[in-house]
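In the two complexes that follow, chain A is the common piece, with chain B as its partner first and chain C second.
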Partner chain A sequence: MTAVLEVADYTLDYATRQGPVRALEDVSLSIARGEVVGLVGESGSGKTSLAWAIMRYLAPNAIERGGTLRLSGTDLRALKPAGLTAIRGKRLGMVFQDPSTSLNPTLTLGRQITEVLEFHRGLSPADAVREAEAMFARVGLRDPAAMMRRYPHEASGGEKQRVVIATAFACRPECILFDEPTTALDVVTARQILDLFRELQAETGVASLYISHDLAVVSGLAQRVAVIHQGRIVEQGATRAVFGAPQAEYTRALLAAVPRPDVRLTETVPQPGPPLVAVQDMTVRYGRPSLFRRRARGVIGASAVTLDVRAGEILGIVGESGSGKSTLARALTGLAAFEGGLAFEGRPIGGVRAMDRAYRRQVQIVFQHPDSSLNPRQRIREILARPSRLYGGEGDVGALLQSVSLPADFADRFPHQLSGGQKQRVAIARAFAPRPKLVICDEVTSSLDVSVQASVIRLLVELQRSSGAAYLFITHDINLVRQIAHRIAVMQRGQLVETITAEDLATRGPQHAYTAQLLAAVPRLDIGETPDDA
Partner chain B sequence: MAELLRRLLRSPQGAIGLALVLLVLVLALAGPALAPHDPEALSPLRRYRPPSADYLLGTDQLGRDILSRLLAGARATVLLALLATALGTLAGAVIGTASAFLGGKVDEAVMRTVDAVMAVPSLLLSLLIVSVLGRGAENAVLAIAIAFTPGMARITRSVALAVRQQDYVNAAIARGEGAGYIVLREMLPNVIAPIVVEMSIRVAFAVMLFATLSFLGLGAQPPASEWGLMVSEARRFMHLSPWMILWPAAAIALVAVGFNLLGDGLRDALNPRT
Partner chain C sequence: MSGRYLLRRTGLILYTLLVVSVLVFGITQVLPADAATMLLGENATPEQLAAIRERLGLNDPIWTQYLRWLGGVVTGDFGTSMRTGLPVLPQIAEALSRSLLLAALSIGLMLVLALPLGILAAVRRGRPVDLLVSLASYVGISLPEFVTATLAILVFADWLGWLPPTGYVPLTEDPARSLLHLILPVATISLILVAHVSRMVRSELVDALHTDYVRAARLKGLPERVVLRRHALRNALLPTITIVALDVGYVLGGIIVVEEIFAIPGIGRTLIVAVQNRDLPMIQAGALVMAATYCIANFLADLAYAALDRRIQYG
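Take a look at the complex of A and B:
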């Protein structure tokens, strides 16, 4: 087999004020025709830098230290801008992570693909339209002719990603780079996109580099896999060999960090007695009334949700984005107005105004993105000392940092001097500072790397055991929630479709069709089987 | 503070801007002492002189030394413009941030009021305020500050709206923090960078506004050596001696460029991430 894409001993630095920082070191990789190579690594590992280096679109401060990049014999590094234009899109395609930002919002979906066809394949406008419609039909878009006339904001995330994929495949390139193409999508949609990718790949035989942090996805797609860590490829080989019998320490750690629904992490049991929080028919509408618009046209975020959380219980809430799970968190913390009943320890809370200091103290929230939940202008000390200043009580910042396994001297740092996982630990410490009875975790691990995610989950489980607080654990990762939750509530389009104990889910299986669909869509890390039936 | 200075000096525009602004501030403070001649001494025999060894920048229509007048006028021009801008910025920033935070009807009411005030040109507005309050430097400062407030409020609000969406603000609301704490401690520090940049541009504008007020007889009065006033006076004698209008105009430009560069430098230095 001759390699279509060949990267040999490629080394890349980024010039920074502190001197050059190595992004890639002696990276060697080759992809043959018809092959899918998975590139697995965590954020900052250099996987996206490699993709940009192959596309010849490097940041201005990038310094190439050596190595070769070849596409079917063409030396990519030697190409002049004109030569690059001829190659990009035509012989070398790329699919990005977020379809909502990779399409031009001012062009129709049809125009974005016909432009490529006219430019690279020299088709006449009429032929390009015909070809584009055929491509749209091929990628499974319903009513391709109508879709051609739509703008990106008129299409769903899954449809947009299909358009991007259609564009990438349109010129029948030799090689396509996929940079986390399903990360920004919902589980069910991601599953469909992965199926589409597998079909198109088999049909066209394009050499594909599939970049992802998700080992389960890669294990189901790639014949060969390369594991990248801090700019070096630590292990490379057949997918089954690498994931089945990892040689490198780092690969083993990565594999160990993948959530496995059959391994339970929580040992505690919820306390019997009346529920800590009782939510009765809670409905949340979005849209603020303004001076000129009396009543906002209410978009319903959550509709007639009834659930309760007992003291010391971990209640998992799963669902796709837009299912209303975060809306519930916003309503419980007073960030969104709600209708319906809410009672905390038997005390009815009529609305946002009735949430007094005592309630606020007992109910704390940890957000998804630690970057935005910590004020960038405040030092960690100030951030952690605030709850005790607000609610009273002792505020030992050092002890708080210690409780989340961070060194005490972090107190004088700013958030941007911490890594994502460390920031999330600070956010967790802040939530636990006033000794709350309910902690709402809103997708707390989804912006973190796999290995960091595992350690944050361990920390949360440990804190739950020592503090006895109840969790409302909101996530889209059903595998994860099965590991830690006592009960799982499944939400879809603002409604609660099913509440089931983790035990029942494991033994009796899902009761509702949507839960079954969610479970089926989750990619599984398969080590022993062939990649085809992932 | 020392760290901020170090970061500021690291960028070329920050270093040049700081140097220019420091130079202007030194002139503003020590100007009268450095002046080689009495800025108000008339000498009818030496009118419209080009630059010479004795009169480094030449003389004006009454034979006064332009260099001395520039040095003496720096204080009135720069410090008062700075003060006016700072006052207007502070008021605008607080109003804009609070409006963005409160949202809904309050935001609507504040912003429509701001729109109405902004519909009046700032020169006209400051003229109106000075004529109501009475002429004089303090009132001119106040007038310019008030004229600047709506614009700053609008700019601040647009930045603050983005900050309002950040989870640290949500976290503060969920914690039960008061509106004052959220506006002043959580939001305001995060909108400061664009405000500083806008403020630095407006200092130059304030200098011009001051000059205009002086020209119309509501700010500095004719014997004074306020730069804007010097420009307006020199216009009539431009064909006799172009130097007369060149020097004060160059001085104003220098102040404007200096503050603009400093603003750019500060924007980068204030961002903890760069």
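Take a look at the complex of A and C:
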């Protein structure tokens, strides 16, 4: 097997004010024709730096310390700008993480692929359009001719990623780098994109480097896998061997952190008696009333949702983006106006205005991005002391920090001095400061790395056990929610389609077709089978 | 963009102008001394004043006067100038045509200069060219137009004697001399515009060059000039259009100063003369025309924006 892409002993530094920082150290990797190599690592591991190095798109402060990068014998590092334009897009392609930012909003989808065909393959504009339409049809876009004329905002995330993939494959490159191509997509869409990738890859035999933090996805795609940690490849080999019998300590830790639906983390049981929160036919409309029209035409965010949460219960809410799960969180915390009934501890709450201090104290929320939910100009002490004082807590910041396993001296730090996981712990501590009865967790682990996610989940489970608070745990990760929730509510297009206990889901299986679809779409970490059977 | 949108937008412009007309009429009513005193001078007898007030309808309730005035405006009758005794409309129209020539040349020159300068500075970010353009822009923005105008007259007219210092020659009379007279005023107005807009183009383009889609375009192997023109510039120009439209507001204000200094009988100078003479119909008409110009400029900018960015859907 001759290597199409070959990286040998590649070392890269970034110049910073504190001196050079090593991003990649002695990285060696090769991909043969027809092969998919997975590159797995957490954020900051250097996996994306390697992609930029191969694409020759390094930041100005990058310093290459040595090593070779070859594409079928061509020395990529020796290329001049002109030689580079001839290779990029033609022999070496790339598919990006977020199709909504990697497509130009002011050009039609068609134009963004025909320009490549015209430039690299020298097609006439008319031929390029014909060829692009054929490519669009090949990547499973319905009505390719119409799609050619659409603009990015007129297409869904999945459709956009199909366009990006069509563009990457347009010139039949020898090698394509896939940088987390499904991370920004919904589970079901991601599944379809993965299937498309598998199909096209088998058909064209393009050598593929598949970069991802998601071990389950990689386990189903790649023949070989390389695990990267702090700029070094700690382990490399056949996927089955690496995931089945990991040698490196780090690989073992990564694998252990992957949520497994069959391993329950919660041991508590909800308290019997009347529900803590009862939601009856709750509807949320978005959109502002205009000057002339009093009632907002409004997009429906959630429609006639009825559910209840018991004291001490973890109710998981799963669904794709736009399914209304966050809308529900917004309504319950008074961030969005709602219609319908809401009762807290049997006390009816008529609307946002009726949410008094007592209610707001007992219903707390933790958001997805601690970066935007923690005030960057406040020290941790101020962030934690304020809600604690406001709601008559004792205001012991040290104890609060300790409760989320952070050292007490973090109180004098600013949020930017903390890592993502630590910031999220601060956000959790803030939510628990007024001793709430319901904590809404809105995708709290989605922006965290796998191993950090696992520790934050353990913390939440522990806090739930010790405080007895109920959780409304919103996530798109159905595997995760099966590990911790007592009951799971499934939402689709603003409606609650099914509420099922975790136990019933495990033993009897999903009752609603959409739940089944969601479950089927989630990639499983498979270590026993060969990737081809997946 | 639908026909309904155009209709609604036109309606909004008319509504704005209606509000402006109320304000303009209101302000001229608050001024000390009414039209009668102004017409007859300070030595008029009370009987004379009462007679002329009766004749002009100044004793009617204020809203009757307003409606009478508005009715005139709608039918194209802005009244007669109190200073010259001639109808206002032809005078305003003529002054406006001179000012529009001045403004159009200034904005044209600004586009010709500001875009390339901004692009150059953005592409060569951090290099000497960028610093030079930035420095020049700062100087341009910091100097008020009466300073630049005076300096320009001093240097190019007094010392060097290349250009006429002040005055206006109609384009139809002697095109060459007319343009010669326009060079300094146009340069004065465009200096600030160029400085302002080129900075805007630079910063927008720098942002656009750092977007994911520009990176994607480069990694598709497109040559840099295509990336710049097709992917970056188009998006960078969008906010610039808004700025240019807002700058029309500046031009309207700046033109008053510049016309006064260079003795150009445009709308600005007409307004100043009208204010000095308390020529109420002229002030009202001038202010209304300026407001209309501003509304129309912003409307056109919105249309251009929508044409360039298909995400904008007016409707």
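FYI, the second predicted complex is superposed on the first by the 528 of 534 C-alpha atoms of A that agree within 3 Å, B and C clash if a C-alpha of one lies under 4 Å from a C-alpha of the other, contacts with A are read in each partner's own complex, and residues count from 1 in each chain.
Here, a contact is a pair of C-beta atoms (placed from the backbone, for glycine too) under 8 Å apart; a residue touches a chain by one contact, two chains touch by 3 or more.
Because the structure is predicted, anything quoted here is derived from the model rather than measured.
When the two complexes are overlaid on their common chain A, residue A:Ser373 makes contact with chain B while staying clear of chain C. After overlaying the two complexes on the shared chain, residue contacts for A:Ala513 are found with neither chain B nor chain C.
In the superposition on chain A, A:Gly334 contacts chain B only, with no contact to chain C.
For chain A, the partner that touches more of its residues is B, with chain B and chain C as the two candidates.
Of the two partner chains placed around the shared chain by superposition, chain B is the only one that A:Pro387 touches, whereas chain C remains out of contact. In the superposed pair of complexes, A:His416 makes contact with chain B only, with no contact to chain C. After overlaying the two complexes on the shared chain, residue contacts for A:Val116 are found with chain C alone; chain B is out of touch.
In the superposition on chain A, A:Ile87 makes contact with chain C only, while chain B stays out of contact range. Across the superposed pair, chain B and chain C touch chain A at no common residue.
Across the complex, chain B meets chain A through its residues 10, 103-105, 108-109, 112, 166-168, 170-171, 173-177, 185-186, 189-190, 272-273. Residues of chain A that touch chain C in their complex: 55, 57, 81, 84-90, 94, 96, 98, 101-107, 115-116, 119-120, 151, 153, 164, 167. Of all residues in chain C, only 211-224, 226, 230-231, 234-235, 238, 308-311 touch chain A in the complex they form. Of all the residues in chain A, the ones that touch chain B in their complex are 17, 288-292, 330, 333-335, 355-357, 360-361, 363-365, 367-369, 372-378, 386-387, 390, 414, 416, 427, 430.
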